[in-house]
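Heads up, the next two complexes both have subunit A, just with different partners, subunit B and then subunit C.
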Partner chain A sequence: MAEERRFRSASGVPIALRRRQHSASCRELAVRGPRLQLRSLSAATSAVWLAAYGLFAVSENSMVLSAAIFITLIGLIIYLHFVKIDQESLLVIGSLGIQVTSSYASGKESTTFIEMGQVKDVVINEAIHMQKVIYYLCILLRDPEDPQRVSEVVPLFQSSKPRLDCLIEVYKSCQEILEQRKTAPQSS
Partner chain B sequence: MVLKVFFPLCCSSADSGILIGRWISEQNSAVILAVVHFPFIPVQVKQYLGEVQRVTKVSVSVLGSWSNSKQKKEESLSEFLEDLGTIFCHEPWIQISKEGDSKFWSCSTLQKHSKNPQEEEIILVYYDQRKVMLSHLHPPLDTAGQGAEDASKLSAIFDTVARSQVLFMTDRYDEGPIKLTHWQSDGVEASIIVELLKQASVPACMLLAFLLSLLSGICRSRVLKFWPLSFLWSKLSTCEQLGHRLQHLQVISSNKKAQNQNQLMRKANIFVSLLVDVALGILLMSWLYRKNRIGHLADTLIPVADHVAEELQDLLQWLMGAPAGLKMNRALDQVLGRFFLYHIHLWISYIHLLSPFIEMILWYVGLSACLGLTVALCILSDIIALLTFHIYCFYVYGARLYCLKIYGLSSLWRLFRGKKWNVLRQRVDSCSYDLDQLFIGTLLFTILLFLLPTTALYYLVFTLLRLLVVIVQGLIHLLVDLIDSLPLYSLILRLCRSYRLAAGVKFRVLEQQDGKPLRLLMQINPLSYGGVVQTYRLPTYSCYPRDSWASLCKKLFLGELIYPWKHKGDKQN
Partner chain C sequence: ENSPAPLPERAIYGFALFLGSWFGFILYLIWAYIPETWLFSLGLTYWPQKYWAVALPVYLLVAVGIGYILLFGINMMSTAPLNSIHTITDNFAKKQQQKKFQEEAIPALRDIPISEVNRMFFLPEK
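For the complex of A and B:
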């Protein structure tokens, strides 16, 4: 079953949280940011080309125009493939692990899978980001030598930065599945 | 507790039979390796599994039953399959059944001696057997080499499939008592070219090893160890590079088989890197010798050296006048300027002496570019070093003079304040001087102080010139290092067969149906290109930077000689 709710990010941009329950111990939570707007794309392209025309009028060198087209294309490809993140999702499979996926606007997906044995807990933390204090959700990884210590903190939803109300929903969903491994008999 | 069943994709359309694989009890997961079809004799199956277990050291056993009914559900078959659970006793006995062409299979377990009778959830994870078998899991770089008990669960699964290779050697055309289905059951794959290369590589390696032993014997002979020659070899970067490549060739031609994945990748990387290097070198050589370009290069070499010397003479004349409006001490200026001008005159004479032979020398030296592009670049760097030798000499003279002056000044400054450097205690102590000591000391101090700007200016100019040459040489060496250390084979493998280098796995949730177990697809998550380069980088013979920026500036200020590029063989000072 799937449900979608609207929230706002830390900078005020509208985002959508989609929850899907695949089975009793498997849940998928996806946060989708706003898509690339046509008007911002046109504004950027027009600005670059106007500047190129201005330079061409001054220098009478047609290489400036071809260079501007080249720069626009390459810049757009780099932006879509490496910078613009469309959707960040969290797949929690009890007894297997947690999978964090970021999907870029060009379709590229970068995935990390963390095994359940390494996950100590999922918590909401505070951080100072620029001039604001924001909340973020993170996974605490267990230290292999000392089970009580935390060896690494993996922050989630870094590009969409949802606000506390959205984070609480995600947190509750994750904790329901993480609790199942405590109630199940310990085998590892 | 959740039960995880790892099922190979290739067995999805197999006929009914029993499942064999490995049961990992700590993780409550079953890794299915193959399906054994009817008819079979249980004793023979157990014997076969015992043999496989002995060879692969993987505890393979019968895990459950698989029924693939093409038409309707057959009651008698399901009862038969349940009875099989009593012959091959395994806890828990897994029963997977597929009806017709449906995607959603039903999976159940039979527990006879279970303590908690509740229904446990089952997760069905599909995996591509061939890719998991061939892939190599890379642990994260900071936690390398933890204990075997701490090994991640995924590495246990990858390990199981990789070590059971002998199970996949029988295909369905073999005449045997057991009929299996796995990824190679349609026919064992092999490539003729690979087999031929393997056969040919043994005599080729032996020949190469013999030639290399001859070569290293010549290199180690006493003739080449006399003082001037050994000094020359250590200073020329071409010899370093050739020695490095010789080492590489020795690694490739050794007849010991590679023990583990890392060694195999290293050998392959060295081989591909050498091949590409030699190919680029031959390309460069063909370009140079076409249209006699090397002749033109030799012809322009002497005029370029002359031009550099003339520019230096102009620079010295400028320094001897009033450089940038500064007023120099006339006498010292003239002395230093004439001294350096005489040196340039000597240098020009030597170059003109050599000029008839330059073309021939360059022609033969250019032939050595066929040994590789790195060797050609090293030769270029050495030629630059030889042509700018006079700049190096001037830098050394200027630096020594300036260094002496600075030490003299600091020592006399201490005398000025009534202190002395205590060599035993390595600190500054107060000292009472006689009047005549103070008088002479103050005089000398004043003289040195007022001569400082002149010396400092000469030192500054020659240091800048030397730094320019060092930067150009450094860039060439950087390029040589890049070609030496880039793991080309690993990068090509990551591009073409990305499943061989795995950083981890990723799961995709497939279509679900209520009441049926959760279906996941496990795919290999390949290592990023940066990770590949970091893991498989070939070690080189140089390491930079030798000094940090702070210590470099301090050395420049004090006038100590700087050698920015250090080689691994050099002694620390």
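For the complex of A and C:
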């Protein structure tokens, strides 16, 4: 079963959270940001080309124009492949682990898997980020030597940055699955 | 003994500083404005170049302006990144002692772990 709800990101951009329950101990939560808008793409392209035309009018060198076309094309490809993240998803499997996937606009997907033995907890933390205080969801990793200590913090949903209401939904879903490991029989 | 009240000694220090700063200012104006030949005729030859009478105030003002930007940048650099353990805990919280819970007494002050705080805030009470 899948449901989708609309929320806002920390900067006011509309995002959508999709929750799917695959089984009693497996859930997938995906946050999707807005697609690349045609008007912002054309605005950026026109700005670069106008600037290049102005330079050409001043310097009478036609290489400026071809350089501007190259820069626009290569910049767009780099942006779509390395910068623009369309969807970030979290797949929580109760006895196995947590998988974090980021899908870029060019179709590239980058995945990280954290096994359940390393996961201490999934919490909502607040921190200072660029002159703002934001809430963000993070996975606390356990220290192998000392189970009570937190060794590492893995922040999630870094590019879509959902607000607190969306984060509470994701937090509740994750906690329902994480609580099952306490009642399940312990295995070394 | 360390009160900020006005005392006779402090009044004397203040007046001495006041006279000293006025003297320094008049000296700076003389050095900057009076032509070198007049100063040489008075016998004062070993003074710094007049270039510095303009350069030093400019250096000072530019340093003050850069200082604003530098302070802002240093603050941003020392803010812990989002994946740092310092946003969750620190050395003092790790080594804190757990006092035993006593009935009808105010609980001792301690750093509550973030998992507990989250459960209290975001999971509804059953």
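Here is the rule we use: the second predicted complex is superposed on the first by the 188 of 188 C-alpha atoms of A that agree within 3 Å, B and C clash if a C-alpha of one lies under 4 Å from a C-alpha of the other, contacts with A are read in each partner's own complex, and residues count from 1 in each chain.
Convention: a residue touches a chain if its C-beta (ideal position, glycine included) is under 8 Å from a C-beta of that chain, and two chains touch if they have at least 3 such contacts.
It should be emphasised that the depicted structure is a prediction, and the values quoted were computed from it without experimental measurement.
Contacts of A:Thr112 after superposition: subunit B is touched, whereas subunit C is not reached. Legend: residue contacts after superposition of the two complexes on their common chain; A:Tyr136 is shown touching subunit C, with no touch to subunit B. Of the two partner chains placed around the shared chain by superposition, subunit B is the only one that A:Leu96 touches, whereas subunit C remains out of contact. When both complexes are overlaid on chain A, the residue A:Lys172 reaches subunit C alone and has no touch with subunit B. Contact with subunit C, but none with subunit B, is seen for A:Pro155 once the two complexes are overlaid on the shared chain.
Taken together, the two complexes place no residue of subunit A in contact with both subunit B and subunit C.
Within the complex formed with subunit A, the residues of subunit C that make contact are 76, 79-80, 82-85, 87-89, 94, 114-115, 118-119, 122-123. By the touch rule above, subunit A contacts subunit C in their complex via residues 120-121, 123-125, 127-130, 136, 138, 140, 149-155, 158, 168, 171-172, 175. Within the complex formed with subunit B, the residues of subunit A that make contact are 22-26, 28, 91, 93-96, 99, 101, 111-113, 115, 117-118, 144, 184-185, 187-188.
Only residues 1-2, 4, 25-28, 116, 121, 123, 125, 143, 146, 150, 152-154, 504-507, 509, 512, 517-518, 520, 525 of subunit B touch subunit A when the two sit together in their complex.
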